[in-house]
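Down below are the structures I want you to see.
You will see two complexes here that share chain A, one where it goes with chain B and one where it goes with chain C.
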Partner chain A sequence: MLENFSFRTIVEYLPLFGQGLVTTVWLSLLSFAGALAVGILLSAMNLQRGWLFRVPAKAYIDAVRATPLLAQLYFLYFGLPRLGIILPELVVGILALSLNSGAYVAEIIRAGILSIPRGQVEAGVASGMTYVQRMRLVILPQAFKVTIPPLLGQAIVLVKDSALLSLIAVAELTRAGQLLASDRFMPAEGFITIAAFYLLLYYGLKGLAALSGRWLGQAGART
Partner chain B sequence: MTNSSSSTGMIEFRGVNKWFGTLNVLRDITLSVEPREVVVVCGPSGSGKSTLIRCINGLETIRDGDLVVDGQRLGDPATNMARLRTEIGFVFQSFNLYPHKTALENVTLAPIHVRKIPRAEAEKAGRELLAKVGLADKVNAYPAQLSGGQQQRVAIARCLGMRPKIMLFDEPTSALDPEMISEVLDVMVAVAEEGMTMMVVTHEMGFARKVAQRVVFMDAGAIVESGTPDEFFSHPKTDRSRAFLSKILRH
Partner chain C sequence: MIWQQLQSLAGSYPLALRGLGMTVMLSLISLVLGTLIGFGLGILRTGGNRLISSVIGAWVDLIRGTPFLVQIFLIFFILPELGIELDAFSAGIIALTNLAACFICEIVVAGIRSVPTGQVEAALASGLSRWQRMRQVVLPQAMRIVLPPLVGQYVLLIKDSSVVSAIGLTDLTRVGWLVVQRVPNGLLVFFLVGLGYFIVCYPLIMLARRLEQRIGAAHGEVQL
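On to the complex of A and B.
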């Protein structure tokens, strides 16, 4: 089997893989920024005592977690035009990833905030701080440190999920593999190459997680 | 304000009741603490003493009766709780220092953001307070770098930084190793001697005898006995207080 494996073709297609990799990286970055925005908003809604914000936030998070990302992607891709909203595939893809990942980010942030001991809240209350002051000065700076490692884990998931955008013809990394597979009938070459690139991205993010862990570890000496 | 004109008490409980579900944790509490008075509250575990002082700054709410603090009735719509809390220092059993802030930042955080004192002024006052509690050399230390006794002294300095009228202590030495208890009690004695109005939940009889004008003994949510430290420790009047004292004295 290996004697048929064409490294030459892979090298030939390398510029295409390179473009796909770059696209995957920046669309993942944008999507993760979007996911953070969605997640912060949802977790803030979810932490309210009144049901008015909490119930819709919970319903949204459940809906996202209960349905496949592919279904969500198609829902936006085919659904939005029906509503008269025509967007480029790339924008639909980033939107889908942001909205999907945002639900998971929301739960990570909520868990981070709830992990701060009750005594911290009480210390803030007892010194006359308002809710906003307690959040800003006491709770969020501590919750931030706790959430960094799981957020990087979610970022890794997002990068892999971005492969689905190939199905709506976004020219990202997986799409490059598909092109090689269909143009030259070389699926092994195409998909092994993209797998290698995803592995590279994974180790990049994992390194970042380790780095942040060490940084947090140092900061942890202060906690 | 309603109900407060009749008395000069800094803290006034009048017929206060509180329930946790069906459990009557505070039963018909009537108690007045005068300005500059130091009152020690003791009693067996679960007797409601922590709940009693947590009601004073609204960490717990009361079901019925009146609780008037510094002339303001709690639960009254006219009472600004956040504002009132700046007049009440609260020292927790578990310190509850902010772990991401240095000792000095712990002391200056609320003065700067709540009292709106200029940073330079707050820091100057903070350094003085930390020096006063014997931690001049720990200004830039984080709580994790401090012993329990040091953390509790920072916590006391943090309260004093707000220039409160009242200080409440919820078992301030219970979480400490024995050799660290006296360093915290010494600071509390110094605060008391400066004329602070204080309510202290503690079993430290030495402290009570030294600075308290009154000891209040609670059991099952009610105030069972109240008297000077000397009366209470030497001649307890009720069976329950005698039983309690025999237990804490045995050790």
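On to the complex of A and C.
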């Protein structure tokens, strides 16, 4: 069968793949922005002394990390209508990806903040800085550098995870491959093509991670 | 109404047990096979043969760069066209084993590279054979670096096994999907599905954390 691999069909379906790729890219960007928001909120809660915010944040992070994304996706997809909230599949998908990735982002940010030596905070206190000033001027600028590479790693995971949205009929890249596979009975053409597109995104993000590592390394050398 | 739903859910517990069994079986088989193959690949990749290590590196990159769902579809739909007949279960096992092996390979490589070269040189000077060096000197020291992420990888593997429901295997996630067609309470059904995974995965997450702390503490001792 693979000897009559049809490049012509792939070219014919190229607009569909293009649309799928564009959808995957922007829904991943939106979800990543959402994940950053969720992650910052969770890590702020997680770093509080009192248990009132810390315990729910920890419970949420553990619950997300110990269950598969697909089950979380179905939880929202089948569960939200039950609460009277009816959203388009695409929105449910972005919500699921944001809430899922947010838990991992929270852990990355927390690790970044905790990596700052205790002495830095003490120096800030000794200089008479308020909590907000210490965070903004001392801790976050340093933590930022440590968190960028793992955050880009999480972005790679998110792009790959977005393939699962095809299972709730979001018209993204994997869905395009499924359509070609089922319309024309050409699974090889469909799935190899989308695999190639995902690799493109993967190497792009990986290159970005390497670049940021070099840039941050230089910035580190300068200070 | 909720009472009826609970009754209906209670009625589908044999199905849920079957799903849980499928999830555990898929995870366990591919965990064992993936660990063995992953260690083999990792050792080969650091073995010094350029060609072998770049072929393994390229394969690992291909697998890390594509979504697992796409890999399952490729294996399930394309291998039969190459004349290899597969049922969904074997396709799932192959896909999961391959995924685990690639990620574990990376972990093992990082572990082996963390062992100081002086250790290998000392082993060489003591006249140990290649296999003896690996088994008695390098691997035992590498294991300290390997163990925490390895356990973390097992958690990922169990979670990724949910994706094989896409090719129709009746695992825990698929059971949830089937039950929710009859009992229209997605919140309850998938809460229970999530609970099933949580019970298996959470102890492993705790174990990985414990291992990480212990190794961190051990490093502190060495530095003192």
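Note that the second predicted complex is superposed on the first by the 221 of 223 C-alpha atoms of A that agree within 3 Å, B and C clash if a C-alpha of one lies under 4 Å from a C-alpha of the other, contacts with A are read in each partner's own complex, and residues count from 1 in each chain.
Note that a residue touches a chain if its C-beta (ideal position, glycine included) is under 8 Å from a C-beta of that chain, and two chains touch if they have at least 3 such contacts.
Only a predicted model underlies this, so the values are computations on that prediction, with no experimental measurement involved.
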Using the superposition on chain A described above, determine whether A:163 touches chain B (first), chain C (second), both, or neither.
second
More residues of chain A are touched by which chain, chain B or chain C?
C
Determine, under the contact definition given at the top, whether A:198 touches first (chain B), second (chain C), both, or neither.
second
Which partner chains sit in contact with A:182 here, chain B, chain C, both or neither? Use first/second/both/neither.
neither
May I ask you to decide whether A:81 touches chain B, chain C, both, or neither, giving the answer as first, second, both or neither?
second
Could you tell me if A:115 is touching chain B, chain C, both of them or neither one (first, second, both, neither)?
neither
I'd like to know which partner A:133 touches here: chain B for first, chain C for second, both or neither.
first
State whether A:68 touches chain B only (first), chain C only (second), both chains, or neither.
second
Would you pull the chain A residues touching chain B in the complex into a rising list?
117, 119-120, 122-123, 125-130, 133, 137-138, 141-142, 145, 219, 221-223
State the interface residues of chain B toward chain A in the complex, per the touch definition above.
57-59, 82-86, 88-90, 92, 94, 96-100, 109-110, 113-114, 142-145, 158-159, 162
Residue numbers of chain C touching chain A in their complex, please.
62, 64-71, 73-74, 77-78, 81-82, 155, 158-163, 165-166, 172-173, 176-177, 180, 184-187, 189-191, 193-194, 197-198, 201-202, 205
Mind listing the chain A positions that touch chain C in their complex?
1-2, 62-63, 65-72, 74-75, 77-83, 160-164, 166-167, 174, 177-178, 181, 187-188, 191-192, 194-195, 198-199, 202-203, 206
